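There are two complexes below, and they share chain A, which is joined by chain B in the first and by chain C in the second.
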Partner chain A sequence: MSSWSFGLYPLVCNETIKMMRKRRFLVIVLILLVLIPIFSYAQMRISQESQKQLGTSDWRLKTEQQVKEITNRLSGSRTIPGSWRQQMELQVKQLQYALDKNINPATPNGVTFTREFMINAIGLFLPLMVAVIAADLVSGEQSAGTIKLLLTRPVSRWRILLSKLLTLIMFTSLIVLLTGIFCYLIGGGFFGYRGWTEPVLSGFRIIGDQLDTSAVRAIPQWRFILMEFGLAWFSCVVVACLSLMVSVLVRSTAAAMGIMMAALIAGSILSAMASSWHSAKYLFMINLQTTDFLTGSQTPVPGLTIGFSLAVLGIWALAGLIIAFAVFTRRDILN
Partner chain B sequence: MKRTNLTWQLTGLAGIVSMAVMLAGFAWAVISLVHPAGAEPADQQAVSTSAPMSAPGEAQGIHILALGDSLTLGIGDEKGEGYAGKVKNLLRQESKQEVYVWNMAVSGAKTTDLLNELESSTLLSYAEQADIILFTIGGNDLNQWAMPSADGTEDLQMNYEEARQHLPEASARLKRIMAILEQHAPKARIVYVGLYHPYPDNDPDRIGGYIIQQWNAESEQLANAYPNMVVVPIYDFFQTKWSEYLFADHYHPNGAGYAEIAARVMQVIR
Partner chain C sequence: MAAVTRMTAVQAAEPAFEQPVLSVQGLKKRIRDKWIIKGVSFDIGAGEVFGFLGPNGAGKTTTIRMLVGLIKPTEGTIHVCGMDLTKRTNEALSQIGCIVENPELYGYLTGWENLEHFARMLPDVGPDRIREVTAIVGMDARIHDKVRTYSLGMRQRLGIAQALLGRPRLLILDEPTNGLDPQGIKEMREFIRQLAAGGLSVFVSSHLLSEIQLMCDRVAIISHGAVIAVGGVADLIRQETERVVWHVSPRQEAVQLLPARFPKAVRVLEEEGMSKQELAELAPDAWQGIATEMSAERIPDVTQALVQEGIRIFSVTIQNPTLEDLFLRVTEGKRIE
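And now, the complex of A and B:
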């Protein structure tokens, strides 16, 4: 086995078992199991409220009402900042398009809930979860002193770090997948389990400040979700790589986690302001919302493209890994 | 040792499977986002895939369709209800039934806007479902001739001559709006709320008042053609107590003003 896997197999196996023993992953599962029902309940209250207001579950009426509300908010207040205004105008156009094509933009079911949850979770919530499991991978061994036991084994250091990285990517994937499964199971309990084949409009593009609908098509919801989760997964893997780098550079787990959290939270604050600071688009945190390209929402810095965002994320991840490996293989382990 | 082996096998397998799924999704997303060509346009699929429209008005109760401009929207009301929201509350108390308001008003709408919307969108299908239709329109048609004075002072310059000249076109559109609503909601109670004078203090010669009264009189005559349509006058109490009933913008009613309008509307729909 070890001949073709560079001796990584037992190492990854070892890291996986350590990860499960540390219970950090379990904590994340518990967080998901607590938060998702709360969000489902809140979502249910919202749809109940609108049902109570309108006395109907007709989605067209609801959507039309939504269009009117946004239009009125737009015309009512001249103080809305430009980027928000644009976002709202785009939203109106998308809703109007959905009405024209007679496709419900949000069928109430567990699948739609899953889709919406991921869009809202990828900016901050999921990256934080990933940072929680990643931050102590190396720093934890350093503060506990187990790093010395690990490095005295006759295995080269880069293999050890690589096994940690592979394990981390595995667990990151698991977190993304479990988020989806929990959303569907719990959200489905509230809203029903059907809806995988419902049509979803995808392919809205923003060119300048105009909504381009030439490439829009209706795709089944399962396919939308698969692509959405794939993009979200990529963002999470990038966060995992950067967290691993921080974990190598910093000796204390608390500090590593603090640094990652500060970066991610700063990113979500900056996203709200970045529309006028264009060079912010080179920061990885600004590009985490990769699902924007699927939904056709305005990106934090206007005019980002999928190619650019993925490239920025990829370069950050790669740079993070290079630093992590360079430092980890050369550093003296002292206490 | 057996247990750790099992832990590893289960998590390892799950991890690899989820990794493969995510990678596939990612690749698919990138391919279809970078090369959107080859996609069939939404129109072709939509027809076959969209769920049939469920009938509105499925919940028991009274359904009100509110159309028109900022007055129907309730701009100026501290509670944000507007007269439509207040009518809802009053009607619910009196009828002991659930009352639903579909407020489709657009702030700043003129007769042309409402007419366009009635002719192009699906609003009319809701008119068919409604028990009561409330609407306001025309205020912005006349008010477009009120220009803030060029030097930026508070005083409004009314171009009454323009307003008078354009009155017939606007009321022709009102006639058309009423006809469309009547045609699609012959059984509903249709209520048109008349205009009031928002600048009585700025109109010493009462020329503006005369034009508004002309509009109101015309709307009553137009509505007279339909037995289920009424015009509710609100000119009178805004004339006498405008300082009490107008919002800080000196144009829209405030909460108290909307409450008075709602009280008037209630008289014809209960």
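And now, the complex of A and C:
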């Protein structure tokens, strides 16, 4: 007598259909299709501008110019705050290292554009997109009243939430993937489609305030992008899990969205000022920028390691899911 | 398997001894420190239309939410076809189809897609069954339109189609005639009777007495979170003594005569809509009605007595007691529409 304990597949089907028909996902695809060309165009103007100024397209000259500029600024002004100064010093060291190894740090092509776009999108833009599709998964059913039908069917509540989680992870992955594909296709239209095998320097480590280059290797760009997208996917899944929790806890979709947006935006503000507040490193939103560890950028809180960041994110996601499932399976549906 | 269950349900509709389709015992619910439901017990047999009557805010919807597993009872048990709802939740729920409050379905999907959605949550429900329930509720024409564009009556019917998908043995409808026009109400009533005739048990909540009286076999009356009367609609009404209204002249003499000659059998009621002052001022030969509480069997005796005293009788009317009378008596006049 367990004919109703059938698989999750039909439930995931249901959630996928609802996700598509609600058109939220379509909106996100449209946002990507509008924003990526804008960024591509802006990027093109920047490189045209610098080419005009330097009068050359030789990357070595350009990089040397950049090093000179930053060094001038560093020595010319004593008022640059400590963390900025450190960041600029790191940048100079990285550029110098690239010159020494004769590896162009930013070749102009579609692949590089994709790589740079993802580094900029991982902290706020993509998490926001994920929050948009996740925030109404449960709260939307609550406010529309359809939760009453959903939960009176002979299917355990945890299965229903699990099917929602699986669908959400699927669509989160799709967002990350589509961002990559659109970046390459659109960016490639502006800068050319080559560059997968070009070398990228990765493995810079910051120990104290020193840049450690002992582990730096030149890896092909496709490998860098693979690692980068893996990290971005992980950050997005963590945001998805937490959004799902908020969606379970809050009855209105607008409130759920507001809470997630506030948390994410607070994260990016805090990142800029948390260098002296060390316990901020336990907040999930401070740790979302996991690509920092690939590029060797200064982390928001000094002394973060990739293992620590991934562990913090993982624990937050897990805790979020435990709360979501505990509340969802026990709660009385009163409204 | 489901087909077999269905058949036994139809067969079981006849005999009096059988397991109740729904059995509720001592149901209570406390939310924070407040007891919302203070004791609800009743049984529903196969093929029975069971009314759940009470004023708004009496706890009807909270009780229904407990019956369908949306709320956990604080105390008491619910058995569906002998299965404990809290222990064998999914097995019990698979025997129930329900609409809780409004029929809220996905507005951005079509009626058909909504049915497909809920069919995927049930075993052995395919497109054939969806077509079947669509035909049962008469929705064929607009089933492929978005639910957003449906009228309330159509949503109600789609909601019932959804509830019938899994071939349940118990259908729970919360105020099914709310918001329907008189024609829709009549259709809904006939539809529910028709379903019950097919062996399905139907639980209908309502705050409308006439509604329950017209469509239910048995009724539970709930007030302030507790069931205060359960029984067959006909039985409950029979408990109420009949009313007989006499139009006679001269009236005053009859009013004095009746209690004198029939001290136990006949009780003269206060005249409705008239004050004592007005009554006293009436002309002695005005043939105003006298309402009495008495058994209809005594009408010949009373008539004879009145005629003997020279009182002229214009009409004798038997007023059938209604659930409303019962309701007013058991709830001690708490207002109801």
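Everything below uses one rule, namely that the second predicted complex is superposed on the first by the 329 of 335 C-alpha atoms of A that agree within 3 Å, B and C clash if a C-alpha of one lies under 4 Å from a C-alpha of the other, contacts with A are read in each partner's own complex, and residues count from 1 in each chain.
The criterion applied here is as follows: a contact is a pair of C-beta atoms (placed from the backbone, for glycine too) under 8 Å apart; a residue touches a chain by one contact, two chains touch by 3 or more.
The shown structure was predicted, so the numbers you read here are calculated from the model rather than taken from an experiment.
With chain A as the common reference, chain B sits beside chain C without any clash. Of the two partner chains placed by the overlay, only chain C lies in contact with A:T152; chain B stays clear of it. Looking at the shared chain after the overlay, A:A255 reaches neither chain B nor chain C. When both complexes are overlaid on chain A, the residue A:L231 reaches chain B alone and has no touch with chain C.
When the two complexes are overlaid on their common chain A, residue A:A144 makes contact with chain C while staying clear of chain B.
In the superposed model, B is the one of chain B and chain C that contacts more residues of chain A. In the superposition on chain A, contact is made by A:E198 with chain B only, not with chain C.
In the superposed model, A:C13 makes contact with both chain B and chain C. In the superposition on chain A, A:L270 contacts neither chain B nor chain C. Of the two partner chains placed around the shared chain by superposition, chain B is the only one that A:S75 touches, whereas chain C remains out of contact. Contacts of A:I103 after superposition on the shared chain: chain B is touched, whereas chain C is not. Per the superposed model, the minimal spacing between any CA atom of chain B and any CA atom of chain C is 7 Å. On chain A, the surface patch touched by chain B in one complex and by chain C in the other comprises residues 13, 17.
On the chain B side of its complex with chain A, the touching residues are 4, 7-8, 11-12, 14-16, 18-19, 21-30, 32-34, 36-37, 39-43, 45-47, 49-51, 53-59, 61, 63, 70, 73, 75, 98, 100-108, 121-123, 126.
The touching residues of chain A, counted against chain B in their complex, run 12-13, 16-17, 19-20, 51, 53-61, 64-65, 68, 71-72, 75-76, 99, 101-104, 107, 167, 169-171, 173-174, 176-177, 197-199, 201, 203, 205, 213, 215-218, 223, 226-231, 233-234, 293-294, 306-307, 310.
Partner chain A is touched in their complex by these residues of chain C: 1, 31, 65, 68-72, 89-91, 93-94, 96, 98, 100-102, 104-109, 113, 117-118, 120-124, 162, 166. Chain A contributes residues 1, 3-6, 10-11, 13-14, 17-18, 21-23, 144-146, 148-156, 330, 332-334 to its touches with chain C in the complex.
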